[in-house]
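Next up, some structures in structure tokens.
Two complexes follow with chain A in common, the first pairing it with chain B and the second with chain C.
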Partner chain A sequence: MLEVRELTTKYITRFKEDIYAVDHVSLKIEEGRSLGIAGESGCGKSTLALSLMGYYFPPLHYTSGDIIIDGTNISGMKADDVRKSILGREIAYIPQAALNALNPTQKIIRFIEDVVKAHDPTVTKDEIYEMARGLFESLGLPAEVLQKYPVELSGGMKQRTVIAISVILRPQVLIADEPSSALDVTSQKMVIKMLRNLMDNGYVKAMIFITHELPLLYNVTDDIMVMYAGQIVEKAPAHEAVFDPLHPYSKGLMGSIIVPEEGLRDVKLAAIPGTPPNLKNPPKGCRFAARCKYVRPECRVQSIQLRELENGRSYRCVIGEDELRELYAREAE
Partner chain B sequence: MKGYRNYFLNKLLWFLVTLVAAFILNFILPRLMPGDPVAAIVSRLAQGMSNTSGVQAIYEQYAEQFGTNKPMLEQFVLYMRNVFQGDFGFSFSQYPRTVADVISSSIWWTVGLQFPAIIIGWLIGNTLGALAAYRRGTFDKVLMPISIFVSNLPAFGMAVIMLVIFAVTLRWFPTSGGYGFDLIPNFSWKFIWSVFIHYQLPFWSIVLITIGGQAIGMRSMSIYELNADYVKYSRLLGIKDRKIVGYVFRNAMLPQITGLALSIGTMVGGALVAEIIFSYPGLGSTILTAVLGQDYPLISATTLIITLMVLLANFLLEIAYGFLDPRIKAAQAD
Partner chain C sequence: MADQRKSCLTGKGVTKEFGFGRTKTVAVDNVDFDFKEGEVISIVGESGSGKTTLAKMLLGLISVTKGDIYFQGEPRDISSQRKRRTYWTQIQAIFQDPFASYNIFNKIDSVLLDCIKMRGGARLPYEQKVEMMTEACSFVNLKFAELTNKYPFELSGGQQQRLMIARIFLLKPKVLIADEPTSMIDACSRATILDMLMSLRNEVGMTPIFITHDIGLAYYVSDTVYIMEKGKFVESGSADDVILRPQQPYTKRLINDVPKIYEEWDLSTV
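Our next item is the complex of A and B:
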């Protein structure tokens, strides 16, 4: 469905410095599956979401790698072709700050008209209206929303409207960048339910869900990928990523949150000391070395490769799988 | 529609309140000045007269005629009634012309000069500012210092510069007047061409001044809007850049309308002085001659007319704003 190979993108700052916020990221997502991307703020997860669209505008620039969707490599395509045939049609995006994602001086239906006409100018306004009304009603949103301005909608309603607009062209893959972070718990729940509904009813065929809230990922997605300083440090099925993390950073991340599961009640919350490295000149060896409890001299010598395990999991550390588990067990005592 | 109605009524109420305040100030301020205008007239008439009761009789006759012997409140009612009938009395300096006559012959020159100039300057300024924000680079780096420089010049300063360059040195345009002094106003091509030629320098000096300030404001508003989340979202949904620039322009323009409403008074004031520089036959020159001739009725009437025009322009802008920004409607409906 969607395959990304060694994708690298960078920000060019005003002072002409390069910041590689997404560094050789590879991932694969099959039809009907959802992938969660976790990491602390500034780790590059939102940039990854933007980079996956294959459409770059300053300060973000494409460097190398491939994005293959349904057998088509979109990395080599012209920007305007990507805009016309990929964005919204193949890959759709739900922004982080959906509350401000709509033009305040435009009615919802006018915006939907612009979106549809940007890809196919021949569709009439009546057709678009019928299309939008059908979609909104099947997603449990009142059709009156179409005639309103964004200011007239509540936060939760605005977010759900944005989600509905994102899937108006029936994209294959949906990338949701922290779609629920700015909402209250009730609205969050409705947004999550709506996203699941999109998957279950085939509105979208695959989904990438980005958040810093791990419990949410665990409940929503099939697989979880952990990012640190622009790189993937661990990839695993959701349950294993939460209950059997291998990379010391994932371990720390899981230890620093509350997962309301039995048996975890008495586990003490621990913070990871230190801050992520500056990506202007990342450390030569392992990027997590400076904050790692189990750091060894060889960690700082050269960059660490992702280790692929037989069960499909992978992680980026010099220490072996069993040895890590042993270290964690000793730590727990 | 309820939101718009509330908004409209609210603005209308404030318009009326400021209008009344303007009338009251316009009435009271000249009357707070030291000296008695009737006494001044009488002393001029009564030169050489030694008969005190005669002087007294003349004084009382004029006081009766001008109503200065009545209580303030009654004078005010009288004044309001006259104003609404378009009766501003006689001009002292251009007697026997009435004030209404003097104003009606000059006001259209001012309206025809200033409102197009301010509107065109506003449009050009906003377009340039939006372009600078969008294109950045050299265009921005050249436009901004020029705009900052120009926007800090007063309109009359610009008028003098234009006059020296284009009228005195290059001799492309006439130095003064609204039309050739050897012509009689009529609808011949010769006269219209003369008016057109005389129009250029005052017009462009007001336009240039307006452009500078507007471009600076629009540039920063556009940069702010270009970084808004909806721009990114629209881009990632595949909407064309040209369309997105349209969204940005419209949204960035809204505060500029408020800005125009706030500064229109100052602009008109500056532009009136520019008219004097070019001896343009508008209200600016009328005020100047009125002040020089101590023509109180004319001063009072012209300031009143200008205040009314500015208030009305302000009111219309605010009404337009209500239609352009749906957030106004939402805020008023609460």
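Our next item is the complex of A and C:
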């Protein structure tokens, strides 16, 4: 479905410094699967999402690697071609505060007309209306929304409207970048339900979901990928990523989960000390070394390769799988 | 059995109305509360339930339409600017967006200098002020020497929020109102901020009031939880009682809407 090989992209600052925000990232999503990307602010989650679309504009620049959707490599394409043939059709993107992107002076139906006509100018307004009405109704949104102005809708409703608009052309892959972090819990749940709906009904074939809320990822996606300082540090099925994390950083992330369930109050929240490295000149060895409890001399010598495990998991650490689990068990005591 | 602890903030029939006539909205509707000294309180509700309005009334930032607020058993008096300032040395707040709390044209040490001034340290020699500021910054794991010449926008969100906590460290108020202190911060820094707030509470002996929609956070930090719906407290009690054994349908729904990891998350209820 979507395959990314060794993708590297960089930001060039106005002082001509290179910042590699996405560093040799490889991932693969099969049809019908969803992938969650977790990590703290500034770790490159959103840059990865932008890079995946193949649509680069300064200061973001493409460096190397391949992005393959349905057999076509889009990594070398011109920005204009990407916009015409890839965005909306192959990949749809929902940015963070998508609900603020609606122009308050236009009715919702006008946005949909814009999207559809940009890709196919021959469609008539009535056809678009019918198309939109069908989509909205099947997603549980009232069709009256189409004739309303954005200000008449609540935040959660706007967000769901934007998501509906993004899938009007039936894209293959949907990238949702923190689609629910501006909303309260009830609207968040509606958004999540809708995204699940999109997957189940085949409106999108695969989904990438980006957030820093792990409990949310756990409930939405099949696999979880943890990023740190532009690199993938761990990739695992959702259940294992949450309950049996291997990389010390993912372990730390899982320690910061807050859920209103029995037993939480006895757990001491574990904060990860320190701050992420500056990507202008990243450390030579492991990028997490400065904050890691289990750091060893060899960690700082050379960059660590991603270790592939037999069951499809992978993580980036010098310490072996069993040894890490042992360390965590001892820590827990 | 009557509670022996001293009351710190008490409210009787506190009401806030906005607008007149047909457009009248009751944001906070006749609420009574009695926050005890030293306990950690959370007020939980959805957006629009009136929790921030209540916080603003407690802080004296907006007027109270009806009802009375008592501070440490005495009726609160904030009728003049001077009295308000005295009140604010006792009760302080941290807001959701730390950036909005700074004057963007001032370097950030001015924020801390203002705090020292509020505590009556305006005439102290500069070296002593620097010493106090350094101590406050090291409490929140920031290096004062690196910060002195910076403007607020040069700091990350987490750093800004930590500096707000350093401010509270200098002011040592009796009550701290934390209005969504972690909702703009990512999950990993959230634990750090909460840890700092809780250790600050032990250090200074203040009463924190968390205003939040994150029921998990409320459960984690607080002794007493108040659930607010449409301007009214619908349920209150100890955190274990309210969150593990909720009685009201509204509380049940709120808890149900939070993604879980140990239990099945029921998506069919929305």
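Here is the rule we go by: the second predicted complex is superposed on the first by the 325 of 333 C-alpha atoms of A that agree within 3 Å, B and C clash if a C-alpha of one lies under 4 Å from a C-alpha of the other, contacts with A are read in each partner's own complex, and residues count from 1 in each chain.
Everything that follows uses one rule, which is that a residue touches a chain if its C-beta (ideal position, glycine included) is under 8 Å from a C-beta of that chain, and two chains touch if they have at least 3 such contacts.
Since we're looking at a predicted model, the values are computed, not measured.
Enquirer: Just checking: does A:Ala101 make contact with chain B only, chain C only, both, or neither of them? Give me first, second, both or neither.
Expert: A:Ala101: touches chain B, not chain C.
Enquirer: Quick check for you: in the superposed arrangement, does A:Ala92 touch first (chain B), second (chain C), both or neither?
Expert: Only chain B; A:Ala92 stays clear of chain C.
Enquirer: Classify the contacts of A:His119 with the two partner chains as first (chain B alone), second (chain C alone), both, or neither.
Expert: first
Enquirer: When the two structures are overlaid on chain A, which partner does A:Leu309 contact: first (chain B), second (chain C), both, or neither?
Expert: neither
Enquirer: A:Glu152 in the overlay: touching chain B, chain C, both, or neither? Say first, second, both or neither.
Expert: In the superposition, A:Glu152 touches chain B alone.
Enquirer: Can A:Ile12 be said to touch chain B (first), chain C (second), both, or neither?
Expert: neither
Enquirer: Which of the two partners, first being chain B and second being chain C, lies in contact with A:Val301: first, second, both, or neither?
Expert: neither
Enquirer: Residues of chain A that sit at the chain B interface in one complex and at the chain C interface in the other, please.
Expert: Touching chain B and chain C on chain A: no residues.
Enquirer: So in the complex, the part of chain B that touches chain A is made up of which residues?
Expert: 228-230, 232-240, 243, 247, 250-251, 254, 324-327, 329-330
Enquirer: Any idea which chain C residues touch chain A in the complex?
Expert: Of all residues in chain C, those touching chain A are 46-47, 141, 156-158, 186-192, 194-195, 213-220, 239-240, 243-244, 253-255, 257-263, 265, 267, 269-270.
Enquirer: Could you list, by residue number, the parts of chain A that touch chain B in their complex?
Expert: Interface residues on the chain A side: 50, 53, 55, 57, 83-84, 86-89, 92-93, 95-98, 100-107, 111, 114-115, 118-119, 149, 151-152, 162, 165-166.
Enquirer: Please output the residues of chain A touching chain C within their complex, sorted ascending.
Expert: Result: residues 40-42, 155, 184-186, 188-190, 192-193, 196, 212-216, 218-219, 242, 252-253, 255-265, 269-273 of chain A touch chain C.
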